[in-house]
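Structure record follows, encoded as structure tokens.
Labels for the chains are A, B, C and D, by order of writing; each one numbers its residues from 1.
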Amino acid sequence: MILLWLIVIPLAGGAIAWYAGRFRTAWPRWISLITMLLMSWVSVNIWILHYASLKEMDLHGPWILEVRLSWIPQLGAGFHLGADGLSLIFVLLTAFLGLAAVASSWTEIRERVGFFYLNLLWILAGIIGVFLAIDLFLFYFFWELMLVPMYFLIALWGHENRRYAAFKFFIFTQAGGLLMLISILGLYFVHGKAAGDYSFDYPVLLGTSMSTGTEFWLMLGFFVAFAVKLPVVPVHNWLPDAHTEAPTAGSVVLAGLLLKTGAYGLIRFVVPLFPRASAEFAPAAMILAVIGIIYGAVTAFGQSDLKRLVAYTSVSHMGFVLLGVFVWSELALQGALMQIVCHGLATGALFIIVGALQERIHTRDMGRMSGLWEAAPRMAAAALFFALASLGLPGLGNFVGEFLVLLGAYKTSVAITVVAAAGIVGATVYSLWIVQRVFHGPNEQKWKIPDFSVREMAIMLAMMLSLIWLGIYPQPVFNTSKLAISNLKMIAAPGATTEDIRPAPETEKRLADKSISKTTPSKNLPSPLAKEGQITFLWQREDRRDFIIAYDLLSKSLGGLR
Amino acid sequence: MLEFLWLIPALPFAGSLVLAFAGRRLSRGGIAAFGVGSVGLSCITAFAVAAGFIGQAPPGHFYVQRLWAWLSVGGFTPEISLYLDALSLVMMLVVTFVGFLIHLYSSEFMIEEEGYGRFFAYMNLFVGSMLTLVLADNLLLLYLGWEGVGLCSYLLIGFWYKDPANGLAARKAFVVTRVGDTAMSIGLFLLFTNLGTLQIQELMRLATERWAVGSGLAVAAAALLLGGALGKSAQLPLQTWLPDAMAGPSPVSALIHAATMVTAGVYLIARTHVIFSLAPVVQEAVAVIGALTLLLAGFSALTQTDIKRVLAYSTISQIGYMFLALGVGAWSAAIFHFMTHAFFKALLFLGAGIVINALHDEHNMFKMGGLRSQVPVTFWTFLVGASSLSALPFVTAGFYSKDLILFETWASPAGSRWLWAAGLLGAFLTSLYTFRMVFVTFYGDAKMQVSRKPGAIMTVPVVILAVLSVLAGFLELPSSLGNVRIITSFLGSALPSETVSPGAAGAGTALMIVASAVSLAGIFAAYLLFFKKNLAADRLAGFVPGRMLHRLWFSGWGFDWLYDLLFVRPFFWFARSNKDDFSDLVYLGMIWLTGRFNNMLSVSQNGKVRFYAAGIAFGAVVVIAIAVFL
Amino acid sequence: MNAVFYLSAFVAVIATIMVITRVNAVHALLYFIVSLLSVAVIFFVLGAPFIAALEVIIYAGAIMVLFVFVIMLLNIGSEAAEKEKQLLSPQAWTGPASLAAVLLGELIYVLVKGGSGAGGIGIIGPRQVGVSLLTKYVIGVELASMLLLAGLVGAYHLGRRYRKERRRTA
Amino acid sequence: MTASVNLDHALILAAALFTLGLLGVLARRNIIFILLSIEVMLNAAGLAFVVAGAKWGETDGQVMFIFILAMAAAEVSVGLALMLRMYHMLKTLDADAAGSMKG
């Protein structure tokens, strides 16, 4: 049940903050801070409590924690949350960055403070939901839940061009999300038709057998949704605008967490659900990844808007994640995971710095900044640190991530690794450019700005220490996700049968329960003679017949596409 | 004593941390105490450890200290562990000792600077990283140190951040070396993928077991590692950053861009010598690159006017000698030259720093002159350094190390006459440009007034280095002069001894005489051209081809221009022109199309009720048609 | 009976054509009444005397009277008919006529294809209709009454506002 | 009374009347004629219902006609009231003149 709390706490905290905001503007801040502290405490506790068991191989199921509530049994959709090592890392990251986001917007937001924190906390709740949901219906629900408050966050508290950015963000992600919905439904029907067991449950859907073409198209639906979020280069355009226009907390959450939901989706859903199609698609995905790495780096360098520059670095860094996921070896996956965590920290911190800078000098134009080291040495040092982290300096976490991804990728393709490694040079160029342009040089504009306050420095220090820790002793993270990753690898291994994958006894029971449905021919209409219990059952089947028709239409059209 | 090994890199790191976080609250004395003290303690520890190592050599002549498991993923298990053997011991001693002297010197040199604490924080970080590099047990940890020193080099070149030119130089240094580093990291991927470990000793063992001499993988691995070494050691074709790196404070140039960091490439090749031995093609390339670099840099040094740039080119050139030595398999000779070079080049840079400091930050030698009497101690020590650099026969360390390299180039089976000739020509050039610098700077008429004379804290390190620049040579004497083999035999436990082709061994004395003669000839030429004010040099430079050569050499053979044209400009052009992200056009196009469709459809919304009714009727007709005919 | 059916069908069609082509509204109205009456005859023939009666009383009677009142209220004279003539150019008929012809063709095609043929027609008297109306369709009756009420209120409301406006402007 | 009316022909009559009504709606611009044409269409629809009812010998067709009648009454009253308002506002009965409701 503790997983449910992880979602309920921010939801409730947000509501309370909103209500409290009517009375005094300071209250929502404190309430959100307390909420996030509580969240962090809960998630760290989960981690510590289960750290030992995460390393053991003989778990009862893949999940260390699970919540299963009945939701819409007629459709086979359940409120099914589950956490394994992988999702736990994402949850920890969410709690940490959520804390940073709340703290960083402490003075920035002065209007509608209560509503701001409501949105912020609800986004976080949605994100946590995405990381924990293992029912595809529920997953989609949370996936969409993240968007709406994010839209408000950008559209209400953003900068000059916020409407455009918010729309662009929403339309891009929504279009991707709808494609995913089609794929989810497609998978639901393919599985339901084959197994007679209509369910959105992820463990049940794993290992669904389907024709190569169907698998490929369904995989593509998921992939596009996650690719938009990640983002992968041809569909990355929402990101620079959204990041640039969002308020600091929004940028932090966007870069640190929202992008990660795409990565998480790729790891959790795309490859395990469609192993053959993913393997087939992997070369294309890796090429996209490399294009993203290079393109993001080069374009970042061309920017004059500091926040936009940082946004493009995300494109570049997320390319490594995509590469790691599709290489799909333990090295690469762990590397991608590390890259996800460290990019969240480093880029989040950079956004906080840019936000703080904008709060002080009211511009993001790098042409107007120079020599700020003199004016704000603490800020400059922090910026230098995170710029170095983002260029992959060994000793900081990002290096571990990038190195492992490339090390894993080398085995798969030398050419791709070489080109991707060249992206590191690009990262060097743009990272140094930030430091050079903004903080070095003469202080031409005679800026006199207050340096980082204790609050800001505390955020920065926490992030720095985390990055150093991840850089020189990342093993705890690897230990946490090791089992989850080997599970996923086993699932996606070629030739794995459903029996290998399904978590042992309980699913068997579920299958047994559903076995009646296998024997019922779909043409049967409810007979008046049916017993009461059966009537409801058949009624459920009736409901599903519409879906079956819809599916047939869908598969026809998919066939047409092929 | 050996168990204190970890303290050696840890102390400077700790000092750096303290200075980074508490630097603003400390007085200048406090900063100096922490900054110099941490390196001093580290140096003392290093000597103690060295004493322990030499006094009672551990079995196998190496000592490994495991600190903690860095990470362990999918069979990739690099550790944070330190490896001490003869090679890393020599490197460690030089780094800590020269580092300490330069820190001491800096504590006075930098006293008036604004970022005093920052400076020492960076310097300590550098020493810590360099020691990590040197002591690393596996290539990943070495890579950490490798990048760490690169970072510090960047930070310190751009130390005076208010001048954008310094920042530019710093960035250039970092980016250019990063190109090499990327090659190196690909090399690491290759090594791990094919041999399953990055632990250096294990790698060497597996490489000899699994790879045949000249096999494709060995060649690729060696070439990629060489890429890293070329970047860091400023060898052809990645040498362009080093002359610009002189934008940093002089102690930085002394420590990073002369004594230690730039020789990391030499260390890397020596450390992984097994792989290079397995790839003779690459090893030959190392020798050729070394020879070419030492000549090109030598010519460039001849034309420079900035005293530090002369020294920078000379550094490139001297590292070229080391590469030459490595290329012909004279591993110990390279390390020996590294050591002597660390002493005399650091000395020269520190001396140059004093001169520059004394003359209001004037870098141009031709505006100096006649400094001999004004800063006598500096003059004499500088002269010692310069003699050592020019390999003045018999009394200087540089002579013995360079002579060893030249001898090996001649005598080793991997060497050749051509390489030897190049080395000899380089020696001539070295003497020529070195004494050109000495004569121009210290002789002639005084053109400027000395404003600041070095204090004791600056003088002492310089003197110590001067003494070492002479004495270090006597650690290794050729057979004809007493046959002392302290360095070679000590390094013998870590590096294979030089092989000398039969018949060439006897040529040692003759070669030595030739080398001495060439060195002296160079000094004499410099004397004629620059001391006697024989205007031959000017006249030579006056001819058209001479002028063109002068320009070419002055600009470092036009590499900057070439790279600017080939890489920098296209990159800038592309980045700038794509500022608005052309892929956005696709989506803007979609928006435009939607707008057009909207316009087209909104025509139908004309408010005419009959038109709408017609629409309904038409729809009915179509639907019925579909229902009936389909 | 057939003859009666075809005759009244012929009359209905001709009258309806006249309805949609007249320029004078009152003329059209009168033709429409003719059309309605002939349809009433058809209802009678089809064995729906009750409906035939309703057709005459309510449609031809009440609703058409409503039209007549409104036309009188509007007080449009002969110049309106002239204007109407101008509006009715032959070109204005082509598009709608072709669309209507296609629709008619489709409908006839369906009917001919369906081919239900002649069926024995029994008379369904008012009693049966009434029983069915108040048992099976009682909800429909209620809804119809609500609709009428709404129509009443709506018409009253629209008319009243108009009167107020006129008073204000007057 | 036994009849041998061809019900198909009755339906064709309904279709013909309906299309004529439609033609009127589309072709005429005077709103009175449009309303009249709508009445024609409604009447035709009612005829079709009655024919169908006769075919099956059920009352439903006639019931539907009564509903249509009720609806027509409501529609005419509201429609005519709107027409009156329109005439007083625009001083014309031309339906195309009332185009100000377009988006």
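Just so we're on the same page, a contact is a pair of C-beta atoms (placed from the backbone, for glycine too) under 8 Å apart; a residue touches a chain by one contact, two chains touch by 3 or more.
Note that the structure is predicted; figures quoted are calculated from it, not measured.
Path length between chain A and chain C in the touching-chain graph (shortest route): 2.
When the interfaces B-D and B-C are ranked by C-beta pairs in contact, the top one is B-D. At the centre of the protein atoms shown, by the Cα-centroid criterion, sits A. Centroid to centroid, with C-alpha atoms defining each point, chain B and chain D lie 95 Å apart.
The centroid of the Cα atoms in chain B and the matching centroid in chain C are 100 Å apart. Rounded to whole angstrom units, the spacing between the C-alpha centres of chain A and chain D is 59.
In terms of their C-alpha centroids, the spacing between chain C and chain D amounts to 5 Å.
For chain B, the set of residues that touch two or more other chains comprises 614, 617.
Within chain C, residues 95-96, 99-100, 103, 107 each touch two or more of the remaining chains. Of all residues in chain D, those touching 2 or more other chains are 22, 25-26, 29, listed in ascending order.
Remark: the chains found to touch one another pair up as A-B, B-C, B-D, C-D. Across the complex, chain D is touched by residues 1-2, 5-6, 9, 12-13, 16-17, 19-20, 25, 28-29, 32, 35-36, 39, 42-43, 45-48, 50-51, 54-55, 58-59, 62-63, 66-67, 70-71, 73-74, 76, 80, 84, 87-88, 92-93, 95-97, 99-101, 103-104, 107-108, 111-112, 114-124, 128-129, 131-133, 136-137, 140, 144-145, 147-148, 150-152, 154-156, 158-159, 161-162, 165-166 of chain C.
Residues of chain B that touch chain A in their complex: 20, 68-76, 80, 140, 143-144, 146-148, 151, 154, 158, 161-164, 167-168, 170-171, 174-175, 178-179, 182, 185-186, 188-190, 192-193, 571, 574-579, 581, 583-584, 586-587. The touching residues of chain C, counted against chain B in their complex, run 95-96, 99-100, 102-103, 106-107, 109-110, 113.
Of all residues in chain A, those touching chain B in their complex are 168, 233-234, 236-237, 240, 298-299, 301-304, 329-331, 334-335, 371, 373-374, 381, 388, 393-395, 399-400, 403-404, 406-408, 410-411, 417-418, 421-422, 424-425, 428-429, 432-433, 436, 439-443, 472-475, 478, 482. Within the complex formed with chain C, the residues of chain D that make contact are 1-13, 15-30, 32-33, 35-37, 39-40, 43, 46-47, 50-51, 53-55, 57-63, 65-67, 69-78, 80-85, 87-88, 93-94.
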